[in-house]
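These are the structures in question, set out in turn.
Below, subunit A partners subunit B and then partners subunit C, in two separate complexes.
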Partner chain A sequence: MAIGSSTDLDSAQTADLLELYPNGPASRRRVRLPRSPKVLIGLGGLIGFLVLAVIGPWIAPYSPAQVFSTTVSFPQPPSAAHLLGTTQQQQDVFSQLLAGGRSTILVAFVAGLIATVLSVVIGVAAGYAGGLADDLLSMLANLFLILPALPLLIVIFGFLPPSQGSDDVLIGLIIAITGWAFGARVLRAQTLSLRTRDYVDSARIIGERGWRIIGFEILPNLIPILASSFLFTVLYGVGTYTALAFLGLVNPNHVSWGGMLFYAQVAGAQQSGYWWLYIPPGMAVALLGTCLALLNFGIDEFINPRLRAAGLSRRRARRAGLTGAARPPRRFVLGVTPVVRSVPPTGDHRGPVGENLSAGRSRGGRQR
Partner chain B sequence: MYVISRRIGFYILTAIAAVTVTFFIPRVMPGNPVSAVLAKMQGTVVTKQTLAALEAEFGSNTGQGLLGQYLRYWNDILHGNLGISTSNGMVPVTDVIRGALPWTLGLVGTATVVSFILGTLLGILVAWRRGSWLDTLLPATTFFQAAPYFFLAFLAIDLFAIKLGWFPAERAYGQLDFPAFDWTYISDVLDHAILPALTIVVASAAGWIVGMRNVMITTMDEDYVLIAQAKGLPKGRVVWYAARNAILPSISGFSLAIGFVVSGALLTEIVFSYPGLGFLMLSAVQEADYALLQGIFLVIVMAVLVANLAADFVYVFLDPRTRQEA
Partner chain C sequence: MSTYQPGQPLLEVRGLCVDYGAGPDAVHAVVDADLVLHRGEVLGLAGESGSGKSTLAYAITRLLRAPGMITGGSVGYHPKPGTTVDLLAASEGTLRVLRWSQISVVMQSAMNALNPVLSIGAQLTDVLQAHRPDLGQAERRARAGELLAMVGITADRLGSYPHELSGGMRQRVMIAMALALEPQVVIMDEPTTALDVVTQREILEELMELRERLGFAVLFITHDLSLLVEIADSIAVMYAGRLVERADADALFRAPRHPYSLGLLSSFPGLHGPRRRLTGIPGSPPDLRQLPAGCVFHPRCSYAMDRCRTDTPALQRLDVKGDERAVACWLQDGSAAPPPELAVPAPHEPPPPAPGAPPAPAPDLARSQP
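Let's look at the complex of A and B:
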């Protein structure tokens, strides 16, 4: 679903990451996320969803499976007793919404975790080893990238015995098998360029073992990309699990947001205007995905500082200029053409950050 | 054409892998595939014909080893035989797919192309006007991108088809049984396609917008763009120079994105009861019609590979460096 971050980390930007770490591991102490509104909203929302996943089933007013009436056969609209109405089976939608987050988030994070481990092992190995091993592993990753994942998963889950269709960890594992390739490709590209850095060469000359070079010299410099690809895979897991549950491929009685959408479709919610059946779970999935994507944007902006200035309006840029001393100005100068951007300090209250931004702005302004 | 021939080799390999995967999935599942399918078909009447079709599909009771079955499977596929669809009156799978494929190709193909062009243009605009109000477009598109396609389809039907009544809510054409291929029919089909196509475009354009914007911002810092500006070239020409170079990653990222778009489009079809492959796939799952399920999967893989090949040709056309390597 989220293809946005796909091109973010392409080889063009890989160079920027290297500019961020010109001295290798020594500069990694300064690693921290930019405090942009995107990151704050994304992180706050994600923490909220994680809390919901833990406490959701406990704070739900009713059991999600409890049937309130056997005589009514239509979904009931929201009321005082049922804040978000009832399903066609007369179960409480609000309780299902609160309880359904756990399975959705659990599956997505299990998928993200397993896929990230796979992508590190395969991507770093391919990038570090090079040669034939690299060719074969890259081909494997490209193959998994090109195979349309959801149809493949539908075939797999179609054959899976029904008894195993509600095991969250197993579902996460299967989703991970189709979701590791993107991360592996990005990590491989980055490892490939880190491998020839001076500090890696010197570690090799000193006689460090391969696993130590990978573990202590290369992996720490992959962390931003790793985080980005983890979030991307979790996002993929949320979308994929929801889609599989929506198709009724995982046991729909195992309450999840996708399962709720499955029952909404069965009840003909979109035709009959039963909005309370599909809007709550759909919004929950969309908001969770938005939080993950926003956080991912934040990491992308960290990896590629040029994207960051784009979020600043003229007013905010001036404000950033006022408080410019708090930020390391170097980052804003990274990768910019010095000819235009290095306007000499004019002695007013603006810090170097403001200078660079206003120089960039005026260039854009001349275009209009 | 070295690049293209290498890619074609890779696509052939992918196709082989896809066929191999569909062959092995039912066979690595616990238990006997035939009895597993029969267990899933509970409630439907299993005729001798069905049983025979299943046994042929999974190669049981034929006395062949795994390798023999695999070779026979390949032989069948190369002869265009994808098995018998048990849920559609025992007709060949290829016939069932042939009825649904044009709908999916028309809808998903058009929507994908529109979404790519629209998203790329918007991405250029957002990058060029960075810092302006257009930046607020990004969080909005992020939301549409994160929302499941089928949720947007629910919304679209409820709002535009039921509440406003602008478009039909389901199916691909009206109740005409054997319509003549005239303007009435064509406009009817178009009328039915607008809403699902719109859903796919809205859901998938965000990816192209963000991707294009990010590369475009990086490209705009290049020296040649600066020189183009310094020379006083018209703004449109400068944007064109930058965009022409920034679009390359979007096209090479096509293979990554097309899988997502197709998957999402299949789900959109289901909500709209659009008679394409996605809808067919759902019914195949529900009726435990595995031959059909596998057949659809293979056809989707082939379509994705062809789309990728097309993207490769465009890439080679746009980027002279790939031609020089040959």
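Let's look at the complex of A and C:
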């Protein structure tokens, strides 16, 4: 075949293909992220929290530290002026809630990022190198795993000079140090499995360098675990930072959700019924954690399509025109394939057995 | 070849439709499959990878995993002539009773289906313990040994673990397990694919012997049509989830009526008869998510007509006396004479070949193919 004519042939073939596959072959290439409600809610909520972290302090009606009255000594309940009431120090709770998100989310993401980087470096290196390096790095990871994180953090924060007690990046770094080991162990195990695969062997035989094999053959296959591990560590960061702030170990003047809980505790909010002091920050932490967990479920489903529910949600089934008997079950029982009929069965097995195919049955033109 | 006489229908599949997923994204993996397995028959199911052979077999037994689901048709099992069990309406309990004791399956990659941490004997007696609770431990052991002996393994291997057996032996164990409760139907999903041809032949010969002796029917799934021509009584050819031709093995081999069957048959060399050119089938199987309009085979069919691009042919019984066959092709609808290579006269009454006699030479299937 002449090279010059190959383009014509290709375009002719493409035209043929387009005729055969009217939707176009391109639509098959798309990466299909699972679009379950779990993922949508998780992702939407997380994006909302991230936006809040950026604009929260600006859209807050007052400065979180502004004291509105020096004569009143009781927290004021929600009112038009203070949507979520005031604290014992007569600061606006709503403004604190909006402004406190930034610190909490920043610390959590910094912790997640640093811990993930640490776990990749240590886990993948241990898994890939093997031998003594693996033994030493694994021992390090095990050590950090068995260290009780919260007491250790309390000790570390006790040594922090007060000027650095409000540095979010530093706090994130310290939390990351206690949170990387779990991810490292998971990544090491998967790397151990991946490095014996044939395609890694072939890359090694070709003479690829170690860093290239790790970067181009192993790491891409770790991405789902990495993403999941990252979200898990962020979640850990949210919880740990809130706990530390609640215990008053972080500079109390640095506004955060955990800090708000600390002041609620100081004010005896629970005993005195000042619910507006602890419910808003508590709910914010819980919702952020929920969003992260939901997103993690979505990543799980993306890695393992078997987890994806084969049954349709009620809404999607209705949109697809499937109702009643034609609707697939929500749950599948292993070993009993469901029968979901959209048309009544045509065969009749109750009649006398004998002729195996009614010759006159018209099935022509039934296109599916 | 066998001494098979057409018997009573044992398993009747009509208009079976199987989807993966639901709603607009569903993949129709099997569409309108009609199939009858008679008592004592070996029915071969042939087709390329992804043509829906295994899906069909697992749907019949309701073993298909999520997101697979049956969306239409019926499957009737006749344990005795006159009685019918509707497998699609059967409850979990009914299926539990029927499976293995009436219908058993030798799974694909059967070699890996054995539990590596249990001995062969434990796995064989496990079946008996579940389905034949009246047997004592010694009796179960004896029966397990008997089963192993049946497939040509000595009974002292009962204590062996799967890794101590060769691939062929593991395959035999799987077949022995499938036969443990003397089922009437054995569904074999590519049971010999991973084995070399010599072992494959040994196992198949044993299987055919066992069938003579025990009288079970076999639904044999394979992509190896040459193998089916040899062991099956009748053959159904699948393409893209549809049955395109169904005929007696001999008739299909000598006189295929569907261009796809013809293509499959001219894809492997005959050991006897005149030399012929191997042509194969151009192109590759279609994506089930985006099937071409009309006859699904038309993009690869050298006989495709205008009608094939728009209308879907149904599986129609051909009105030829003594020739039990159905084909889904517009060439065979009687409006025009089909091309000569698709109209080779079928052997109406195939004479039972004497043992050891060389098979009759294959007709020159591909002589006039473009």
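Some points to look at:
We take it that the second predicted complex is superposed on the first by the 274 of 368 C-alpha atoms of A that agree within 3 Å, B and C clash if a C-alpha of one lies under 4 Å from a C-alpha of the other, contacts with A are read in each partner's own complex, and residues count from 1 in each chain.
Here is the rule we use: a residue touches a chain if its C-beta (ideal position, glycine included) is under 8 Å from a C-beta of that chain, and two chains touch if they have at least 3 such contacts.
The model shown is predicted, which means the values in this text are computed figures rather than measured ones.
By the document's definition of touching, of the two partners only subunit B reaches A:V285; subunit C does not.
Comparing subunit B with subunit C, the partner in contact with more residues of subunit A is B. In the superposition on chain A, A:L145 makes contact with subunit B only, not with subunit C. Once the two complexes are overlaid on the shared chain, A:T242 sits against subunit B while remaining clear of subunit C.
Of the two partner chains placed by the overlay, neither subunit B nor subunit C lies in contact with A:V266.
Of the two partner chains placed by superposition, A:L113 touches none, neither subunit B nor subunit C. Judged by the document's definition of touching, subunit A residues 16, 306, 310-312, 317, 335-337, 339-340, 363-364, 366-367 lie at the interface with subunit B and also at the interface with subunit C. On the subunit B side of its complex with subunit A, the touching residues are 10-11, 13-14, 17-18, 21-22, 25-26, 29-31, 33, 36, 39-40, 127-131, 135, 138-139, 142-143, 145-151, 153-155, 157-158, 162-163, 169-170, 203-204, 206-215, 217-218, 221, 223, 226, 229, 235, 238, 249-250, 252-253, 255-264, 266-267, 270-271, 281-282, 284-286, 288, 290, 293-294, 296-297, 300-301, 304-305, 308. Of all the residues in subunit A, the ones that touch subunit C in their complex are 16, 20-21, 23, 25, 28, 306, 308, 310-312, 316-317, 319-320, 322, 327-328, 332-343, 345-347, 349-350, 353-354, 356-357, 359, 362-368. Within the complex formed with subunit A, the subunit C residues making contact are 8-9, 12, 14-15, 17, 19, 21-24, 28, 31-32, 34, 36, 58-59, 62-74, 76, 78, 81-82, 84, 86, 88-89, 92, 95, 287, 289-290, 292-293, 299, 311-317, 326. Contact residues on subunit A toward subunit B in their complex (touch as defined above): 1-8, 10, 12-13, 16, 38, 139, 142-143, 145-152, 154-156, 158-162, 182, 235, 239, 242-243, 246-249, 261, 264-265, 269-271, 273, 275, 278-279, 282-283, 285-290, 292-294, 297, 300, 304, 306-307, 309-314, 317, 335-337, 339-340, 361, 363-364, 366-367.
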